[in-house]
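To keep things simple, chains are lettered A, B, C and D as they appear, and every chain counts its residues starting from 1.
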Amino acid sequence: MIPATEILPDSLPAVLLGLETQIDSLRETGAMLWQRGWSVGTSSNYSVVLRRQPLELLVTASGMDKGRLKQADFVLVNERGEPSVAGQPKSSAETLLHVVAARQPNVGAVLHTHSIWATILSDLYFADGAIDIEGFEMLKGLAGIATHEHKQRVEIFENTQDIPVLARLVEARLNDGANPLRHGYLIRRHGLYTWGKDLEEARRHVEIFEFLLECVARRLMLRGALAGVTATGPVAASM
Amino acid sequence: MIPATEILPDSLPAVLLGLETQIDSLRETGAMLWQRGWSVGTSSNYSVVLRRQPLELLVTASGMDKGRLKQADFVLVNERGEPSVAGQPKSSAETLLHVVAARQPNVGAVLHTHSIWATILSDLYFADGAIDIEGFEMLKGLAGIATHEHKQRVEIFENTQDIPVLARLVEARLNDGANPLRHGYLIRRHGLYTWGKDLEEARRHVEIFEFLLECVARRLMLRGALAGVTATGPVAASM
Amino acid sequence: MIPATEILPDSLPAVLLGLETQIDSLRETGAMLWQRGWSVGTSSNYSVVLRRQPLELLVTASGMDKGRLKQADFVLVNERGEPSVAGQPKSSAETLLHVVAARQPNVGAVLHTHSIWATILSDLYFADGAIDIEGFEMLKGLAGIATHEHKQRVEIFENTQDIPVLARLVEARLNDGANPLRHGYLIRRHGLYTWGKDLEEARRHVEIFEFLLECVARRLMLRGALAGVTATGPVAASM
Amino acid sequence: MIPATEILPDSLPAVLLGLETQIDSLRETGAMLWQRGWSVGTSSNYSVVLRRQPLELLVTASGMDKGRLKQADFVLVNERGEPSVAGQPKSSAETLLHVVAARQPNVGAVLHTHSIWATILSDLYFADGAIDIEGFEMLKGLAGIATHEHKQRVEIFENTQDIPVLARLVEARLNDGANPLRHGYLIRRHGLYTWGKDLEEARRHVEIFEFLLECVARRLMLRGALAGVTATGPVAASM
């Protein structure tokens, strides 16, 4: 008889003892992001910063169901994205992208999600290099933005399985003194990276970016519809 | 180690003692509106009227996660939108918009939400000054409307960070004897304000407006599709 | 201080004693239909048949929040749609539409819902008098349909506030010997009526009709998009 | 009085004793798939492999509400899709499609779902024989796929009520040495079949296929909109 794999043992590995609060916050975050449809199919990975000198992150292990994370589904990694303690499960292949975000000042948590809109808008606007989002009140949900009269440039990187190369590209943009990348970015046909001073703020940034991307997509569909309808006669909301 | 910010202390400030029922109703309302996607990213704010002479409101504090409001995330404000008791957290910048709605007769609760459809339709129809919604049975969910043969004019105000100016504009329309604004209004690329005699009715009005706005948007998309399809040949639902 | 209206007393009126099972099934049904977005804003009404000789229905009282029905939010009505016992809350204005459906053989429950797609498709196809739905496997979810090679004609009635007139029109179509209306129907810009031998089956019919209507709507949008894209060049799913 | 059918007895038949873990995993899976809208209206069926020599499956009984499966709503079937023990409820008409998938090596669970997008895309692309999905990071969620630079050919079979004929067609494609069907397939205007080494993996495959199909559909709609908008002037995300 094939054993039921749904019911897995869930005991905290010794290396994670004392981190129950951070782990449970990430588990609850995963359940929420999975429910929204932004972390389905074991996609996505999440991390929180535990220490800065030297950098240490608590990050989701590779290939876990984000809607039902178990206490053991986490790994400690160091500033090179490698396990900081031996004998742990493999961390996500994209751990280095968490590390380069976490190296920035005031970053306490990094969230990577895979939504439908992020996937297809990052493809549709790839040739432009970015999606410019402007004039929405919800932009004020991004840390430090105090007015809707702000243009957020959401940059789009080409997807690759060579994460170290991508991590260097992203870090160069984060450290660009003249015009640094801020709040988050997209990977083409892949998803969103965003972060915050703590997990609360990173969650808020996911919600804000997803809201804004959906606005961009649905507005484009409404405009397309309006163009089609007006080509055949006048249109009014009350029609 | 960076502390987990997810688990925050939740004890009722002395100034809010005795208001547990109203606070818990607003918390449950926030959880529902967040779940629907109408209050994500710490957007939105809610209030209930506690007293009329002089006016006193219980309103959400600024910047809180509406899906997980805590008992302490509320503030008492007076008829000028200022804290009615010292030592409270900052209330929302938009508190004045709650006050001007609450000054109207028979208003016991005010809800402000940020949905995708409210955000983009308020932009698409901004030049018209309003979205006229007519002929839907669901219009009867607005207080005092007894037939679907009703035209609801949902006015759209330009977005601004100067809330006192906007509040005066809104109040003038509310007090316009000839043609007063009723039930709610939109702010461009921002969201919806609506209210009711109590929190139940204000919640119902949010649901009704969101339903009607989604009908307007999706109907426009269907009409656009139909225009495109019929341009290339006949179309039937059973095709 | 304005009392919190969220927390209402919930005790079963004497007239409803012994009906707890049916009442709780309808309450759970309401919570599900509200959650799906098909019964928001106190719209919709539901009934189950209690007796046939003479006909007696348990029906939702008028104007209640269907997502949070209380035990007292129900009324007993007779074969004329009037309260069968004195002193009860007002039943829905549309009770007669429940009665005419319940008079049919093998009907044990009637559900009326207000979805976005039912609202706008009933308007878009109103001139055709019906939406013909054909060829979908999900048609087999309608009682007595054993193959997807079936054409379901979903008739559309004009909306009206004169329910007795509408009830006579519907009953005439239900009793049309040559070509009787079956499973359910739409009211223009209003919603869906459907029924089943018991509440389980009526719930299933709501889910089936909503699924099929959404298929009709989204298929139309995809065809419109395809027409637009192919007008400018070839298109493939992998593009 | 018509009995309430909502509250059904739920006791485990003797033939299913000892299978509580597998049964509860399938029940929880059904609740999740129903909640997503992929198994509404008693559609869908699910199975897990209990034994390989000879093959025995635990499969959902016919016509049950997948959102509220009871412990008794399951049947044991043999390698011919027939009940392996007498006196059980009828298994789904499509049980043979579970059997042919389960005969493949490393298959421990089979899930069949009915989503909106699977229903209409399987129709829209039927003439092509398949939907080619390429270049998405989420393709890596399919077992054995290690890069987004992969083209997944999702084949589409014509719908039929003659399941034995369809089962032979599918099995021939599964056993096609040169170019075998992998991971899952669509049935026209009907739904998706997918599987995995265990129920976890099969669930993941449902989520991955549904995500990818929704990407294909929404991308097509965005392209159609863009074609309509650009026909009348320039367009930018920030417009």
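Throughout what follows, a residue touches a chain if its C-beta (ideal position, glycine included) is under 8 Å from a C-beta of that chain, and two chains touch if they have at least 3 such contacts.
This structure is a prediction, so every number in the text was calculated from the model and none was measured.
With contact taken as defined at the outset, chain B and chain C are each touched by A, D. By number of C-beta pairs in contact, A-D leads when B-D and A-D are compared.
With centres defined by CA atoms alone, the chain at the far end from chain D is B. Of all residue numbers seen at the chain C-chain D contact, under half occur in both copies; the interface is built from largely non-matching residues.
A straight line joining the Cα centres of chain B and chain D is 40 Å long. Centre-to-centre separation of chain A and chain D, using mean CA positions: 28 Å.
Contacts with at least two other chains are made by residues 135, 221, 223-225, 227-228 of chain A.
If you check the complex, the residues on chain A that touch chain B are 21-22, 24-25, 28-29, 48-51, 108, 135-138, 141, 146-148, 198-200, 203-204, 207-208, 210-211, 214-215, 218-219, 221-229, 231-232, 235-239. Taken in their complex, chain C has these residues touching chain B: 1-2, 4-7, 37, 40-43, 65, 114, 116-117, 119-121, 123-125, 128, 131-135, 151, 159, 161, 187, 189-191, 216-217, 220-221, 223-225, 227-228. The touching residues of chain B, counted against chain D in their complex, run 224, 228.
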